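Labels run A, B, C and D following the written order; every chain starts at residue 1.
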Amino acid sequence: MSIGKTIWAIAEGYIPSGSAGEDRALVSHETACLLNCGERDAQVSMTLYFTDREPVGPYRLTVPARRTLHVRFNDLEDPEPVPRDTDYASLIESDEPIVVQHTRLDSRHPNIALLSTIAFGQGRG
Amino acid sequence: MSIGKTIWAIAEGYIPSGSAGEDRALVSHETACLLNCGERDAQVSMTLYFTDREPVGPYRLTVPARRTLHVRFNDLEDPEPVPRDTDYASLIESDEPIVVQHTRLDSRHPNIALLSTIAFGQGRG
Amino acid sequence: MSIGKTIWAIAEGYIPSGSAGEDRALVSHETACLLNCGERDAQVSMTLYFTDREPVGPYRLTVPARRTLHVRFNDLEDPEPVPRDTDYASLIESDEPIVVQHTRLDSRHPNIALLSTIAFGQGRG
Amino acid sequence: MSIGKTIWAIAEGYIPSGSAGEDRALVSHETACLLNCGERDAQVSMTLYFTDREPVGPYRLTVPARRTLHVRFNDLEDPEPVPRDTDYASLIESDEPIVVQHTRLDSRHPNIALLSTIAFGQGRG
């Protein structure tokens, strides 16, 4: 089964620096959920865009065949960490069709807030 | 009226194990909302994808003609329950065009949080 | 400017009966936001789908040229009100291209939760 | 890399007048996140649609090449500010392909609520 696109964009990006606690599950974070239903590993390259400086990347990762990978932007380190409290956006390019969904958990306040959307996909599907 | 696609993917999936209470309406849950506007019953097969093991499925269900079915992932039992506190994703295949929307209600904290998005659709529409 | 589709589906639908207060802005509600950027009024017909009974409709309304109409499902009365605490879905058909976005405000708990997604569009665009 | 569409619509729009505090990050707001992955600056024109009066615009802005711009509707001033507590919708036209995502942060209550969705895109991609 092959489903998805090879180029995806997430125009929203913002990691609040504050969190109500230290629990990893409840720390404020943004996630790109990548799904590879195909029979070949997908080599993925992410690029981050900002308001007032050149893009940063590529961040490289692999989504193995028949696997999903939920990538926390908070965890990206190479080539550099994602700044907190800063507007950004992301471009995700894959050599195999994948599906991308974007989620943010915001726990600046005692109670959490969530958002999610399918990303914008284009290219070979 | 026929509307929809025959293949859908939801790249995000995560059922928190914690809930603020026992009320079924407010227990933390994830839902795939399936809509069949057509005149023929839709035979649907769901497959779950994980980060570090082979996909699980198919979970089989029927969305009757002119009906909607809001499937809680929490309730899936056959071939096996969906693990809590675990990243997953889902692929939904139907023999008739359907429309799929994804929702999560998170009630780990005293107040609830919600997310929702249209799934990614492909195939005969 | 003409933008949109003529057939839209929202697979999710659920109006909680409970609300934290009486303020119309904060009562639990679901909304279909309709946008008609065109130069002709759009005649719109909505049909509601349920889990265990035949569809209900049509609910008829007009989105005038160059206007947006945010329709609360709570306010629908003819041919019948939308039941609370009940899973439903909706099909929206228009004689002119429109754009449809779905939103729920849930105020069962003292603090509100929100969800939103673009609907699934098909047909002449 | 060129990704996106040249015409986008966001059918939902509503800026609550109330906020739990004065902190800019936590004031109730709506945002259109615009991403231009291309090598040419994008000249963007926004038009706002209402329920009972003629559209307002254009609001003009530039998304430079290889940049993202997260536009708060709260900040729009020319030709006129966006009214609070009022249903609206928006049309976004660009001379270069861009990607648009819509977000609202609602802080009327002590705790925040979030929603987000990809906008509806059309035109040269």
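Criterion: a contact is a pair of C-beta atoms (placed from the backbone, for glycine too) under 8 Å apart; a residue touches a chain by one contact, two chains touch by 3 or more.
Small disclaimer: the values here were computed from a predicted structure and weren't measured.
> Centre-to-centre on C-alpha atoms, which chain is most distant from chain C?
The most distant chain relative to chain C turns out to be A.
> To test your reading of the model: what rotation angle superimposes chain A on chain D by C-alpha positions, in degrees to the nearest 5?
90
> Specify, for the interface formed by the sequence copies chain A and chain B, whether it is same or different in terms of residue numbers shared by both sides, with half as the dividing line.
Shared-number fraction below one half, so different.
> How many angstrom lie between the centres of chain C and chain D, each centre taken as the mean Cα position?
About 21 Å, centre to centre.
> Just the number, please: Cα centre separation of chain B and chain D in whole Å.
30
> Quick check: what residues of chain D touch more than one other chain, meaning two or more?
110-111, 113-118
> Spell out the residues on chain B that touch chain A in their complex, using ranges where they run on.
So the residues of chain B in touch with chain A come to 7, 9-14, 16, 49-52, 54-55, 85, 87-89, 91, 93, 102, 104, 106, 108-111, 113-120, 122.
> Give every residue of chain A touching chain B within the complex, in rising order.
1, 3-4, 25-26, 31, 33-35, 37, 66-70, 99-101, 103, 105, 110-118, 121, 125
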